[in-house]
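Chains here go by letter, A, B and C, matching the order in which they are written, and residues are numbered from 1 within each.
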Amino acid sequence: MLGGEELWIAVRLTLTLASTATIVLLIVGTPIAWWLARSKVRWKEAVAAVVALPLVLPPTVLGFYLLIALGPNGPGGWIGGLFGLRSLAFTFEALVIGSVLYSLPFAVQPIRTAFEAFGDRPLEVAATLRASPWDAFWSVAVPLARPGFMTGAVLAFAHTVGEFGVVLMIGGNIPGQTKVLSIAIYDYVESLQWAQAHVLAGGMLVFSFVVILSMMVLEKRIARPGI
Amino acid sequence: MRRLRLLVAIVVGAMAALASGAAPAADTNIAVAANFTEPAREIARLFESRTGHKAILSFGATGQFYVQITQAAPFQVFLSADRSTAKKLVDDGLAVADSVFTYAVGRIVVFSKDSDLVMGEQTLRDAAFNKIAIANPETAPYGAAAVEAMKSLGVYDKLSGKIVQGSNISQAFQFVDTGNAEIGFVALSQVIGRPGGSRWIVPANLYTSIRQDAVLLKNGAGNAAARDFIAFLKGPDAAAVIERFGYATK
Amino acid sequence: MNRPDPTITARYAGVLGRFELDVAFESPLRGITALFGPSGCGKTTILRCMAGLTRLPGRLVIGGEVWQDHATGQFREPYRRPVGYVFQEASLFPHLSVRGNLLYGRRRALKMGAAEHIRLDDVVDLLGIASLLDRATGALSGGERQRVALGRALLAQPRLLLMDEPLSALDRMTKEDILPYFEAIHASLAIPMLYVSHDIAEIERLADHMVLLEAGRVVAAGPLADLLGDSRLPIARSPEASTVLEGRIAAFDPNDEITALAIDGETLLVPNRVGEAGTTQRVRIVATNVSLAVDRPSLTTILNIVPVRITDIHPLDHGQVNVLVTIGHRDGGSKLLARVTRRAQRVLSLCPGQDVYAQIKAVSLIARASSSA
């Protein structure tokens, strides 16, 4: 039975995974969103479609190919070899990689939309006011796109908390390392301990609701311009 | 520039925090077929109290574990839900050949939540129900056994139109337990502790026995705790648990 | 070290979408140069090229510094060009307060090593925006926004101010209110400006120098007065043709409420108080309000009878004629354009070199009243 301690380990693991994945997504997704928003090359929508693939790929399919890629026969194995590991799969880092890929469109799309919303003018203004492109990005683009960052972060976080198929495949369901809450619930269901499953699922639901609600309220407060 | 450094620091800090918060060092990692979850937990508990070794259990689908093990999953012992996967691993060179043994034999049961419905094999012949749930016979040994039993009884043709398939034995049980199917072929281990409903334990001679094999993986060959776990699994303490949960040990 | 070359030399040739630009002009790095022409003639494009926001092949030299040269492949990035740019729609940063907007460019300019020759207090006073400093940008009127935008551009310590139709998004009354601020900036800060507009009245009020554009080409460039009086150009031939005279305010008669302006040794009477004594004032005189007399008339309500010398007579359509004159019965005075009928010219035998009198009704010279007591 999933005792108190095991439960809290799963909770902490899930929160850590979601937070880490969200941070990585903001760091990785922002340049992608920026490029998609500002680039004028003709094939940029093709890139956007690739980014959006995780939306339509079944999670177990994504998980399967990720497993191969992270395993000893793929690039992950090569990287893992540098650190003395046979493969990168079945580690927390693997879950982060999987979560980042799986939630990528949820982070990139809102940020891209926010970058597109203000158009070229604010950045031109910044350039005429002595701001280098890097400076203009941080002092003008990022503040103006803040609602997009918030939405992207909320979606990425919530999506990662709920993730199951990918995590199960590349994580191996190892308690304390890769057994996140969604899998714990699944284990309960599989072993017919439905009462525990209900409790855990209910808790996750309440938690997710609170997180999303508070971030949306926060978003409204922050997004008020000119203050 | 300052902002970039701050971001990097946050990410590094987060990853350090998670690394330190990771699980304590495992003594041995065991991959367990999902249907054996409950008895496995109990056996692991006994194992730890007897030997001091800790068995860290991961539950999942046998097929998925196979794929993961081919991708260097860190498991040292594998408790499969069938015989063929264990054999495949040995053939692939990922498991120790002479470590294969049958750790449990599953039994199928015709079960209904309705305490009046199941009255033995006659219930199947009467077919007084709309839906009968089984596990997918292509992928789940329990499902294959159910089909075999129905054919042995000569009722398969009559019932085939009423069959609903769960992707595994758990899902088949869910169909029955939620009332979506009035009756179904489930595992004895799933109903042994449950009062209520009506059941008929299908005679073993009607189907090929569902042998679940365990194997020591190459990964665990040098691990004392892994070897000890296998030994424990073959022993009398484990046998008692296994039988209590509705499996046979031979 | 050579003496600094006080010129703007610009040359651009290229295609932007369907639009083809091929321009070359020079203007002084002093005062206000207007880029004037109908919509779509390329004036905004030129301004953006000078700021570096649009990239067309060309050459731009500002006061001896090469900012762009197609031949050598040089191109100075926009943020390295010490310009101030005022856009048509203010475009204030919504995430900063008015103060934040004003100081945005200043902070960066100083960090790049520019000397602070324009201070926040001066700009705030000149533009009258002290009460707006801590407001959010969304709470400003159109006129207030443009003043803040101007202040923001000035505080970036520019060597050159580029203004892209800064008043066209405003209604007439607001325009009238803001123009004095532009004139004040022009008067007290010695920053050269390039001013784009399709409104000749604005330009006549502000500009010293003009570049006339049409369909992506330069038609004429030179001092404002020269271009306004040049009958080969469409402006001088239009019904609204006008010229601009600049004079010093000599006196104000409070009884009759009339100001006397001294121009080239003559006096021009203008109704209303138009400024402080001793200050310079521009007067715009529409050509159709100027008539000519061979003999000095007496006993007429027309107050302004100004001796002028005819320099050029140019026939127009519909029996009309442009007569270009200069102030005073001598050569070299300020230019003034008069529109008369062909018949009148023939009957009076007007010809170049002739000394006559220009009659300008005082009431046709209405300028806005000065706000100071």
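We take it that a residue touches a chain if its C-beta (ideal position, glycine included) is under 8 Å from a C-beta of that chain, and two chains touch if they have at least 3 such contacts.
Model, not experiment: these values are computed from the prediction.
If you take chain A and chain C together, no chain is in touch with both.
Compared with chain A, the chain whose C-alpha mean position is the greatest distance off is C. The chain closest to the protein's centre is A, with centres computed as averages of CA atoms.
Once the centre of each chain is set as its mean CA position, chain A and chain C turn out to be 56 Å apart. Rounded to whole angstrom, the centroid-to-centroid distance between chain B and chain C, based on C-alpha atoms, equals 87 Å.
With each centre defined as the average position of its C-alpha atoms, the distance from chain A to chain B rounds to 32 Å.
By the touch criterion given at the top, residues 121-122, 124-133, 135-136, 139-140, 143-144, 146, 225-227 of chain A touch chain C in their complex. Looking at the complex, you find that chain B touches chain A at residues 3, 7, 10-11, 14-15, 17-19, 21-24, 26, 29, 31, 34-35, 37-38, 41, 56-60, 64, 67-68, 70-75, 170, 173-174, 177, 190. Put simply, chain A touches chain B in their complex at residues 1, 9, 12-13, 16-17, 19-20, 23-24, 27, 64, 67-68, 70-73, 77, 86-87, 89-90, 92-93, 138, 168-169, 172-177, 179, 187, 189-192. On chain C, the positions that touch chain A within their shared complex are 51-53, 77-79, 83-85, 87, 91, 93-97, 104-105, 108-109, 111-112, 135-139, 152-153, 156, 162.
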